[in-house]
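Following: one structure in structure tokens, then a few remarks.
In this document, chain identifiers A, B and C correspond to the written order of the chains, with residue numbering beginning at 1 in each.
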Amino acid sequence: MSSRLLSFVGRTGRRRLMSTAIKLTTVEVNDKTGIATLTMCRPPVNGQNLELLLDIKSSINEIKNNNSRGLIITSASPKVFSAGLDILEMYKPDQQRLRAVWTELQNVWCDLYGISVPTAAAINGHAPAGGCLLATACEYRVMVPNCIIGLNETQLGIIAPKWLVSGYLNILPKRVAERALTQGRLFTTDEALQEGLIDEIANSKEEAVDKCVAFIGTFAKVNPVARALTKQQFRADNLRQFHKEREQDVDDFLSLVNRPEVQKGIGIYLEGLKKKANKQ
Amino acid sequence: MSSRLLSFVGRTGRRRLMSTAIKLTTVEVNDKTGIATLTMCRPPVNGQNLELLLDIKSSINEIKNNNSRGLIITSASPKVFSAGLDILEMYKPDQQRLRAVWTELQNVWCDLYGISVPTAAAINGHAPAGGCLLATACEYRVMVPNCIIGLNETQLGIIAPKWLVSGYLNILPKRVAERALTQGRLFTTDEALQEGLIDEIANSKEEAVDKCVAFIGTFAKVNPVARALTKQQFRADNLRQFHKEREQDVDDFLSLVNRPEVQKGIGIYLEGLKKKANKQ
Amino acid sequence: MSSRLLSFVGRTGRRRLMSTAIKLTTVEVNDKTGIATLTMCRPPVNGQNLELLLDIKSSINEIKNNNSRGLIITSASPKVFSAGLDILEMYKPDQQRLRAVWTELQNVWCDLYGISVPTAAAINGHAPAGGCLLATACEYRVMVPNCIIGLNETQLGIIAPKWLVSGYLNILPKRVAERALTQGRLFTTDEALQEGLIDEIANSKEEAVDKCVAFIGTFAKVNPVARALTKQQFRADNLRQFHKEREQDVDDFLSLVNRPEVQKGIGIYLEGLKKKANKQ
């Protein structure tokens, strides 16, 4: 499979926000198919800190502008697609940075949700919370066996924002979605297939990517302008609602995270992680 | 199973509307699980007259305020969960009382639909119309075999109000819901399970309650505040719409019930019931 | 089966728009059942030109006013229910006529979608695009084997308007609908049954009509006024949205069709048809 690397383009405007100049995503465009693959590369679990979110956003926009015929999102980690928001961003946070983190999570969602080309997620590992966000913003989902996916925010003491739920409801029946959201349910690969949260199971990352390529191939004979307008019309209401509420949503998120009991909960959680690490 | 009775609390404000001081509902909170069971006790069929509706409302609010971890609604009647609105309330009605009846039906729905704790219906008998209203306002439904459930308003010459339909649509696919609503379809227990209108079948009331307890138990490790906010966010649009339209909805209901042809229909129906009773 | 013809009523107001006085639809009301059958008769494929659309609209309104107990729509062609908008209406169009075509397509949809009596489509052949529009505006769909149905607009370089999509979403789950709309997917009869896009399969047109009659018969014991109010309440939001956007939608359609690349595409398509015809 011949391909060319299109990453490492100039991104001057955001440098001052980054602690490192190493890009945390790559974009590869396949010469034959014209399909771009966006790979997240922040070991070990693609925790979504500010830098990773900025790089995902930048890669989505790169794909928007390079005439790709489709977008596949996947992970360089062997067992995790993305573990979601980096919890360190939420602990004793610098308020301005925390605001930027949530704003960029919003940007990543609305850019991926609204992009006109066909999108598919090759979910080659676990995809809780923010991992599920990326997968459900796409039009198609292929997942490897024995992993979990879902919006488990209530298990962490926070809530999935309304815009994210609106995307969940594009995929799951309402009664399944409400129960899963209140329970913070993580679906196994098999359960996700049964409920329609994913579309296919693949035995490896390579096979998952191939199935995503095949899905994007179903649009080969479709007029791309008509396709884009149809997708955008379908998703317009959710996006309009999102833009109306996005500022309030940032304020709500900050106010929730800054609650003493939430901070305490995160502290205990991180302490637990440290102890685990020391034992090994 | 140890439990304590919490009913018979003071309800001064509504006494003047009641024809009797005997409470038509009971609330029991299980000491171990912290789950409250609300039982309707208006023999023979829990016909929803003004007094029963006021007592259901009062019991829901009691549970809201007594730190219960969940709410289970069920019936003291052996074969009927609730037969819905008491038809006598609609025949040659006192206008002010009829207005109060519909207003309290609205209150019962929005209080039960919007309560933050997990809710489940142990449907131990038939649940047409207003019985189905109570069940579908909950988050989970367990039903005994060989009973019927559904919004059969059109069979009675009236219509299910929009707010009630909005709750139906949280559960049923649109095409199933529209057909069922226009037909006034009553689902058997088996049909209800197949379409998703109920979640489980239980062989007895006791087993139904146990399954409701198990459902509420799935939230044991979930942060209750995050759970409550998630549920409320999910149901907010329907509740907002309801509050906007509730006054108009009362007027519409009164105007429909007062139509001569509807009054005539109810009269014929009641005459039929009387003849049946005399034959026995 | 006794029946009386009710067509050929006066339609003075629209004569000036018609190129022919021969009516392209018939309406038959069955004396026993009181059900009206609207048959499209524009050989070979019921291509929806201005005249056919005006006649469908006129027939729907005739049925609205003749006290029929239900409406069944079907086709006189042996293999095609309706092939959708007549492509000749879109090629090098007279702007005023093109505006009238799209306006009448809107009228046909909203009149059929909003009519108070029960409606069913006996889909006795292929039903792409505008054919699917007619079928999905009804409450019930019965289809013969080995045909196709769906909104394949993106395959033709145009897009299904929002009001049409709103009706599609009354029937299909969102994730199925979005994919089908972007792909311009045509479902086979079997696929349509599996996804819920149709309700039953029939082996012949006669059997399809019989099944539609049986569906309408399920309302025999339902109060027709309550049924009508329930249907209208269910469909009111979509119709309200439609009326808000219908003028803009005409402008959008004209602007799309008049694009040079769309005109070129239609020209190539028509050239292909001509060559095919010459070869035979």
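Criterion: a contact is a pair of C-beta atoms (placed from the backbone, for glycine too) under 8 Å apart; a residue touches a chain by one contact, two chains touch by 3 or more.
The chain lineup, named per UniProt: A, B, C = Enoyl-CoA delta isomerase 1, mitochondrial.
What you see is a predicted model; the values in this text were computed from it and never measured.
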For this session: Check the residue numbers that subunit A and subunit B use where they touch, and answer same if over half are used by both copies, otherwise different.
Result: different
Exercise. By how many degrees does subunit A turn when fitted onto subunit C using C-alpha atoms, rounded in steps of 5?
Worked result: 120
Seminar exercise, completed: Rounded to the nearest Å, the gap separating the Cα centres of subunit A and subunit B is 40
Seminar exercise, completed: Going by residue number, subunit A touches two or more other chains at 173
Exercise. In their complex, what parts of subunit A are in touch with subunit B?
Worked result: 153-160, 162, 165, 173-175, 177-179, 181-184
Seminar exercise, completed: Note: in the complex, subunit A contacts subunit C through residues 118, 139-140, 169-171, 173, 196, 218-219, 221-223, 225-227, 229-231, 233-234
